[in-house]
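Both complexes shown next keep chain A, but they swap its partner, so chain B is in the first and chain C is in the second.
And then the complex of A and B:
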């Protein structure tokens, strides 16, 4: 049932994109969950959340990026350099974190320096503020205007607010479906494996959304769920992850990821864009507020409160805090979360890992197993009369 | 962390050490020489600083900065933890004492042979990442361990420019549950929309500072500080002219004094004094040069396109002297006033700040503009090859200073620069500047020993026939 989702999630290009591209559709990649897909959808462009999966060498990326950089953007660059993203007509780079925003120069200059045709024809640096104030929301609305003007002029498209409103409504319906899927994870006992759920989310970021919506609908109508009895209920927090195998490693045979804060996943809650508000303002507000990411400096307390609430709702037994090496944003926040959750009696495991080929899979497995044993002991102690 | 380290506050120890160091020249030459015998660990850094005429004043200024921190609460003032790339002028205008992490880290690494290793490690014990920038971690560790003056509030202005910097301050504020304010930097600079954003953000900052300090911004005090800053800018401009002479008419530590002083005391008279002293020395030496009198033996000249190397004894500067390398600037010594030589020379007025002291609105616009052009904040906020960014600044400054080569030195914690420094180096090489990338950590010798760093630097100089 999930096979199709896995195939799409675990590959860079897919038949759905190839098909609509053949019919002349445009596809634009973006690097960060702060970009509102609704805008592209309204313009008839397929939004694609860029992934870094299945890279077997970082030869070109290492030569461009320095050595002290998160391996996730390096894998993205390697894909660009190898031409794997040649189906993209454009790319939107966001200052999500330093490593990721430097992909801007790395893609452009690698093309020049190595004489590779890796730069998509449309390139946009989308400046998202790091705080939520009246003036930062205003700034983001202006950024959206700037984007719309630039993309419409580049591809000769015409933008309409009515279409945008339709797209906002469509995405809200899609969010509703995602919420239904999420409910299966939160259910006690969980009715879907975390890996399966993430495969669906990631697939949804990699294909035409209308088609994805149809697939979601059939999934939800056909899938009655598998009761994952007796599994340790985990929450996964930290660095960006589009790697389903990593979730599988965390779950193994005895655990299930019932909630996450990952930016390729649904994050902690599925929240909606206000359809009554002026569309660009509504988008700016939703995206600045929703994305549960430590790039919003000073927002730790609010994020912690949401994590605690999600732990309660999903009846989480233990939290796995992971960060890709050199991801200081998530790494540092994980330190705070670990301290505060442990104080509340919620067991945490903190992992630093590499993105990409799971070279350190066994090391991870060993540490996770030990953590699951800790949870097992806890269960025994807590359940004792 | 060792128990012994927790016996005294680290800032108090630093203060007493700098205070004592600054008085070493107060007696006779003989007394000074004898004193050196009794301070084997501090001898080298002290000797190095005193090689420059302004050395003594520099140490006094540093001691005063520490004195302000250590005694802030006793004097009824609030302390604000902040970063080197935030101009402290506004804090002085509100009578708040800046506690700048990077400055405190460097003050320690210069002086203490053991460096800041234990404080760096303590950050990890507290849950912070070991991959973050060591310039904040070096002193933040001590403050996390409560062996420093308690901090009342935290302000950072690197969001959008440097994550590890901003992240350190956000971590500290969350860890200690302190009031926190961040100023944002959009990825480009020269646009009305950006200026507007900076000014709004800066006004919100002032609201925050007023609330935290319980004091209202004193308009006359702000005017005084901005007027002093104008004066300081003029002195820096003159120094920059001298720094472009070949051979160099000023000691290689001049730039260090310029930027460290500005980070500590922008708009304060003590910094003006230091600059005046440097300018006087420059004027005298330029006169000698013009008379054909040789005052240095410069073999070649480097431009440091990022920061310097700060570990024990100012060894970078010692090495430069030993190798007869002229060193006339790095990215930290540039503040981009509209009268600044590279601005005038390249007609970059639109990317520079102007100080206007008429109305309050004008002053706030000026100070927001100054702040958003601090080193790193100006040139490393967007794609490095965009207008007015790192590449353009580096090439312009290296040419103005007649550099023979360019050096990048930073920290492995600097995702921001490591994300593109190799590309930058390719461009500077293409522009005709041999470029050396140091893989050392400017604040932590444990990453790469100084000997290895020096070896590789010398190898670069030899291979590129720069010596």
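And then the complex of A and C:
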């Protein structure tokens, strides 16, 4: 039932993208969950969340980025340099973090250094404020205007507010479907493995959304789910992750990830866009406010509150806080979250890891096993008379 | 009833046979490229010492990085839980365990019931692990076991500037070329090792009593430097080889699981 989602999620290009491209559709990649896909959808462009999967060497990316930086943007760059993203008609780079912002220069520099045609025809630096204030929302609305003008002019497209309103309504319906999917893993006992849920989420970011919506509807109408009894219920927090194998490593055979705050995860599903508001203002408000990402200044207490609420709703037994090596944002915030959750009596495990195929799975597996054993003891203690 | 614990580590494979009251035999061998081979050999050695047949072993728990590759294991448990179990059995007042193995270092906090409360592990590199000492001993052209005694004879420790094992090795070569005595280099190596481990220990909230397990526990120079650095007395496991603590814990779990 999930095979097709896995196939799409675990590859860079896929038949759905290829098919619409053959019919003349445009496809634009973006790097951060703060970019509102609705704008591209309204223009008839396929949004594609750029992934870094299946890289076996960082030979080119290491030269451009240097050694002391998160391996996630490096993997993205490596794919660009190898031409794996040649199907993209454009790329939108957002300063989600400093490493990801640098991919802008690194792609251009790699193109020059190696004399490779790796810079997509349309290249846009989409800036997102780090604070949520009245003026930053206003600023982001202006940035959205700048983007719409730029992409429309580049591809000779005509933008319509009516189309945007339709796209906003469509994405809200999609969020509803994703929420229904998420309810399956929140269910006690979970009725879907965390890896399967993440495969669906990641696939959704890698294909035409209308087609994905259809697949979601079929899945939700046909899938009855299997009760995953007796599994330790985990929440996963921290750095961006599109690697389903990592979720499988965390889950093993005795745990299930019932909630997460990961980029590429269910972020899209939460917080609907206000369909009554002026569309660009509604988008700016939603995208600045929705996220769990520590890139936003001064929002720690709200993010912690969201995590605690998710733990309560999903009946989480333990929290795995992971960050990719050199990820300062999540590395620092995970320390705070661990401190505060442990104070509340919620067991935490912190992991620092490499992204993707470079990951040291066995060392990680040992720590996760030990954490699950700790949770098992906790269960037994709770059962003691 | 005889049970076994088998701990396949990165450098050594250990087996402990336990009869419910005491350790009846144990073995420590170098880990093999094929972990199964090492597990069989270590088991054979232990069985030969105890003069028991392998078929008489009722239950076995595998632990260590190679725990999934112990062919005769009925169950697997992480070495964090096993070291905790073993150390608590040997010394019930222990509340913090520093386990320094071949390729990693762990600091485990435990509660009064002997259950894992929190743990931290090194995750950046091999600095602060047995591998670091092994590499340095090789550069000094001595056996690993000699490093501790050699360090005790040193009086002016050299400083290793880098945490990186490879760069530290280059530093040691430089000191040798400058004519610095091996004793002072060995002392510097042990101090450096203690410093790396100390960083990890300080990440955990250290509670007394503190004990040290794993192969590096046998290097008394490192343990002494660690005591100086942390300002605590570290309990030395003397009744059992500290390198066997994980395998012992696995055997104790095996005994429980077998209904003992």
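Criterion: the second predicted complex is superposed on the first by the 380 of 385 C-alpha atoms of A that agree within 3 Å, B and C clash if a C-alpha of one lies under 4 Å from a C-alpha of the other, contacts with A are read in each partner's own complex, and residues count from 1 in each chain.
One rule holds in what follows: a residue touches a chain if its C-beta (ideal position, glycine included) is under 8 Å from a C-beta of that chain, and two chains touch if they have at least 3 such contacts.
All values derive from a computational prediction rather than experimental measurement.
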Per residue count on chain A, the busier partner among chain B and chain C is B
With both complexes superposed on chain A, which partner does A:362 reach: first (chain B), second (chain C), both or neither? second
Could you say whether A:67 touches chain B, chain C, both of them, or neither, answering first, second, both or neither? first
Would you check which partner chain A:374 touches, where first means chain B only, second means chain C only, and both and neither mean what they say? second
Quick one: is A:245 in contact with chain B, with chain C, with both, or with neither? Answer first, second, both or neither. neither
Quick check for you: in the superposed arrangement, does A:332 touch first (chain B), second (chain C), both or neither? first
Let me test your reading of the model: by the given contact rule, A:133 touches which partner, first (chain B), second (chain C), both or neither? first
Touching both chain B and chain C, residues of chain A: 325
Touching chain A in the complex: which residues of chain C? 65, 76-81, 104, 115-121, 123-124
Contact residues on chain B for chain A in the complex? 126-129, 131-132, 156, 159-160, 162-164, 166-171, 173-175, 180-182, 184, 186-188, 193, 197, 200-201, 204, 382-385, 412-423, 426, 439
Of all residues in chain A, those that touch chain B in their complex: 63-70, 73, 95, 97-99, 101-102, 104-106, 108-109, 113, 125, 127, 129-131, 133, 135-136, 139, 142, 294-295, 297-298, 300-301, 323, 325-326, 328-329, 331-336, 338-339
Residues of chain A touching chain C in their complex? 325, 342, 350-353, 362-363, 366-367, 369-370, 373-374, 377, 381
